[in-house]
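Look for chain A in each of the two complexes below; its partner is chain B in the first and chain C in the second.
Coming up: the complex of A and B.
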């Protein structure tokens, strides 16, 4: 998972990008990766933590260059509690105002996407789908949503993931039709709703230098007798935080969510099964009617009359409409998320447990 | 004289007139009286006279419309005036006359007249039938009646009395003449013609009656009488057979409605006649009654060559069936708590004898279908009865036909042992019957096994026959029989001390709260919905006669006791765990217990339920002695055979379950239990205690281990962590999730296939395939279920089927 990359020193991989960047005015290159400034990462983390556990959103600003989406700035949206119509309008106005202000002070003000905080990966919601669809449509697929999972970040490594919709999902959403047929047509499954883009974090040279100097702790802070050398740990040097063993709450929460989604999915299944049954019922009805009509036709033919058409039976019997599969699709995707998280978490944890077991011997 | 004027002295005159009555004095008094009792009666009488006059006049000019109008009905609360009788009688004669005339010269009469004549013809017939006696009397002795008429004229006050008297007198006379008629084979027909029944014209008369049968205006009683007379004169066996074949159905048909039952005397007559028929057939083996006979029977004596048999159209088995049905119907309608019922029940032996005789007859003539039907009837008379009763009945039957041909299916040696007898009957049906009869025979056989405490045999038969798989497809009567069998199997398990099996057998039927309906032992009162009347009628017809009933209170008692013995330890095991508490073994028991616990004050137990609820509470609290006492105090146990043994069994079970409950409840508070102490606490032998504890450990109900050296149970306290709990829950959820998914997929494939098939050839044959697939899937599903909780689900299937059916019906 490249998404959960730690803030490392920027790699000089894209040195030749700048050369071709000027050529890509039309934006023909599809997005392939996301590059975030360290500043933006910190801002997102700060915003999300402050409002934890309620979910928050914000705007991402930057530019797409040659298939790389460079996110250079961001600003938060006002409180997520905007339920009222008025406040929603306020939110829109705030956005516009903010953009204007930023333009005036000559900061990057090109919208490239948005970010959202989440709790244990439960982000696959209708709201997200709608918003992201709007963004992606407006910005010609060059827009991403960055999902920051606060609780996961506190537990292990930083969780920052960039998503956008797959083309298939965009098609389906455009038609707003999620029947089995359209799913098959678009080859859409729960696993290809989103496309995840790799994230790289880029820092300016100045910041990199600072970090390096921070790492070299002893040079920055002069030695003094009062400081116990043992206790002073460089902030970026390896520590034991990751070896913490309190795993219950995390797994509990995860399981609870999982149970919830499974339950929801069962409901969806029931709806679907109900639909299936009613379809089957209708079909037998049609069959019976057809049979009857056939017999009638035989007798009519025998008595020299015109046979009645068989088409109107199909017209008369309407098959019930299939329920939208979007919900079950989303729920499945969500379940998939949870399962992945559990897997990701339990793998290293098992390792930790074995280590501690060995240690306690 | 005006009325006002006469008002005051009225009483005086009335008294006077009464005295004057016999003197037949003057016209004045006559008129006085007439005016005085100017009641509705008089008015009507006047009107009648008037209409009679019109009719007379109209008759003269052949004016039928007027006659029709004039023919008012003069009936009031008082008797029938002579004049009326006279008029209708003469009118009838005239009618017949003019009908004759009309035939000769039809064109003379116009349409309205003809119509009036026809309607008059019908009307008069009806009226004549109403006053048959009077008219007959009048015809016989017109003069006498004329006299009476005069008397009537003279003494209208006495009119009512005299008519009544005379009618009674007349009735007596009529009976007398009828009696005479019968002796001399002479009966007066409608047209004053004597009808004679002789052996010669028997076939002709028979044919006439057969043609009249079923028509609207035929008098069924009359027909039966004629047929009985014909039977009297029938000379040859052939004639007798023919008459009997007409007479028996005529008697069955006498009662047209389905709900009423046949008159007992008539039933007995019919039975005698069937017996007679069988006797004739037995003594004259060259006649065979079959349902299909090629040649049409002529109305003459057949010539039979020796060694040949002669087939006659008819069906004895249907007679026997009908006779049995009527018997059951009469039992359904007679109040079971009266002596009538017992008296009626005594006829069963006779009926049974007839059935056996029929069976022998069919066997001899190799009428296999009839044989199996009769054998089924016989079986249905036997299967629910205890040994002694069967033996007595069989002995009586054997005595009734001591030297007769014995049956090959049931030779008289085996009729002594009921089990052997029933086995023989069932085996015959398994081999020869149709599928319905086989099913019913199987159920009866199982019932019989269960009745004799052979639980394992009964259960194996039930499971091996796969009866439950499709019992819901069979008719309601068979389903009822199945329910009865299930209940009996459950009771059998109970008697044998197999509490769990018993509970699972009874669960489906007792758990519904519609026991009465499911066993057809009374109509359930519908709380919210009213049954449609036809439905109710059908239900009523299905009811079993009282002597076949399974005691519902005993049934409930057994069921609740089983539930208590299973539910109380289960509840203790569940403890305060809300998830586990949701798992209910017996809903009705839980409901009752909850209700009982909510009671502010519960008095001493009065009925069976109270006893069991009290016992359940005591058991939950560990007071097993009290529980034993309460259960032992239930009176209904006396209805079970070997009451003492059952009570002992229950006492032992209560001790064991008490121990289990105790262990469940208090295991969390101890680290060790002494086996010795447990044994003294529940006064169980040490071995039993050890085995119970071991079993609990093995079933993972108790986290403990046995310390053999110190003779203690060491408890290991374990409680799942939150994560473990959640994981368990999730595992369960995931399982059902997968299952649901599979089912959806299956459905999907089916429908997909369906559509494809339709496109391919639009035929119906594929549907069959599909249904086959579906059924195989269901079967697999069913097997899975069975695998999981082996005996439970299978047994209840049919009940569910029945309830579903009910739902469809209502």
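Coming up: the complex of A and C.
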């Protein structure tokens, strides 16, 4: 573990180092899956919901055991307005204080990653890239970002996804070079920036007992009232929100975002094309100059003079630097995201449509 | 939805009156609603207690409705305490409590201290002392809420009974260790966004491994449809039995069924066709767009 704390990651304390050292004995298993405690799921949802639609972040605490990253607790970061230096220092102190406090009550205080809320899956941003890179570098690649989509989770299925960067992307980011050449070298495309890890959710025995208690409402409410007009709703009564037919606002927003990204992508393409043209222009200029120099040399030789060197032409004419391809990479990845999302959404919706069609017959 | 066996206690509200020499506590009747995340946190705290500790306590954070008739407990944090050392003393780490509250305030300033929790079902003299401490933390004129969670599961129903109380002084001269805990109605409340998470967690409750994985939208839809189908089967089974005469009919159920059937909208066929196609079109448009 590198000791240099980045602004976003707190300096680790003694016990933390011990934990990591102890786990390293078990071998350097690469992470294969993420196992989240039920408590963490609820905490993330709570935090993200309260500040929706502005994005929020928080820290994940836990352990990695034989390739399974166990996330057992988390805490939220204060508002994301930390731009100036002072706030950043405050944020770092908050993290350290929080970790210290949590350790006192026996919470795992080993940082294993962070979480972020998102709106309709638009999470592939520079900020995320930077933060995750810092985490992954500090914590020896054993760190994930969990992305929670509030808008998608509100009316149907819970949307939680765990990501980390692929080795290829880490290499490229380390060099901070995103030229076509380095992309080819690292075999990096939009689809392998992230590696998605499967998430499982695990409850403790007591939580299981609690869930059963919550479900056991028949014993709790006196029988006589159970068929009254009054609503008898247990917290865990079956949920049929998934059968909701309204789809317009969701799809509209999604398509809007998609169009926006496509536009951005075109812009990126234009910049790239512009660069290509200017490279071509420079190259012809060099060719012309070379040609000229050669002719000159021929005539100089003919008149018995020393030929002029050809190297300085290359020095005089500089090829313009290639623009970073990171942006276009991210945008493509984002477009890919939106498309997948639409796909996932339209499948069930079509199904629902036909169901309601059958119902009317 | 209450989550513990119904009690026989009545919750009456009486206007604040002051008789000479005897101050009736400000006791407006109110209800408490608890967010599931609080219950989960308490259980997690209990799991991670010190070896010789038999119960844990912590601070409850939440919001009050404007008229004070409802208190929503939205968050909580553990507070270390010690009641083992000395027979007559209980030590609550007040500094920790204040530090933690400050940290929580940075994230969500709206949540204020509303009371405290403890695991276990007994109320003893320590509870009264701690209640006294928290009464000073809660902004007057409101009272501190005490929430207990029966982690021993020793009650008759084998439920993780959650009970809430407010404290009332007893005796002629009020002493901190004298306190009467009055039960307050309590239920579980959650938001739409939390529903999907709870559903997922609940799907693991019958698994031996106590774990589950996330499912796709399509699988989720399938699950729901299967559930609806099962319900339909059950009800048609029931109706058939009633028709056979093998079980007596029940008017209430009949009325419910009537209501349910009348809810199905009767739409003109042509109209429906139109709606159906327009929806289908918008679906197809976006499916094509992806290509």
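Brief remarks on what is shown
The working rule: the second predicted complex is superposed on the first by the 304 of 361 C-alpha atoms of A that agree within 3 Å, B and C clash if a C-alpha of one lies under 4 Å from a C-alpha of the other, contacts with A are read in each partner's own complex, and residues count from 1 in each chain.
Convention: contacts are C-beta pairs under 8 Å (C-beta built on N, C-alpha and C of every residue); 3 or more make two chains touch, one makes a residue touch a chain.
Computed from a predicted model, the values in this text were never measured in an experiment.
In the superposition on chain A, contact is made by A:280 with chain B only, not with chain C. In the superposed pair of complexes, A:342 makes contact with chain C only, with no contact to chain B. Touch criterion met: A:265 reaches chain B, while chain C stays clear of it. Contact with both chain B and chain C is seen for A:251 once the two complexes are overlaid on the shared chain.
Of the two partner chains placed around the shared chain by superposition, chain C is the only one that A:50 touches, whereas chain B remains out of contact. Once the two complexes are overlaid on the shared chain, A:288 sits clear of chain B and of chain C alike. By the touch criterion defined above, A:305 reaches neither chain B nor chain C. Note on chain A: of its two partners chain C and chain B, the one contacting more of its residues is C. Shared-chain residue A:319: touches no atom of chain B or chain C. In the superposition on chain A, A:92 makes contact with neither chain B nor chain C. When the two complexes are laid over each other on chain A, chain A has residues 248, 251, 255, 258 in contact with both chain B and chain C.
Of all residues in chain A, only 35, 37-39, 41-43, 45-50, 52, 73, 76-79, 94, 97-98, 101, 104-107, 150, 153-158, 160, 198-217, 219-222, 227, 233-236, 238-243, 245, 247-248, 251, 255, 258, 339, 342-353, 355-357, 359-360 touch chain C in the complex they form. Interface residues of chain B facing chain A in the complex, by the touch rule stated above, are 721-723, 726-727, 729-730, 733-734, 736-737, 740-741, 743-744, 747-748, 751, 754, 764, 767.
Chain contact summary for the complex, chain C toward chain A: residues 1-6, 35-37, 39-41, 43-50, 74-75, 78, 80, 96, 99-100, 103, 106-108, 151, 153, 157, 159-161, 188, 190-202, 204-205, 209-218, 220-221, 224-225, 227-228, 231, 252-253, 256, 264, 267, 269, 272, 276, 279-280, 282-283, 286-287, 289-290. Across the complex, chain B is touched by residues 248, 251-252, 255-256, 258-259, 262-263, 265-266, 269-270, 272-273, 276-277, 279-280, 283, 287, 291 of chain A.
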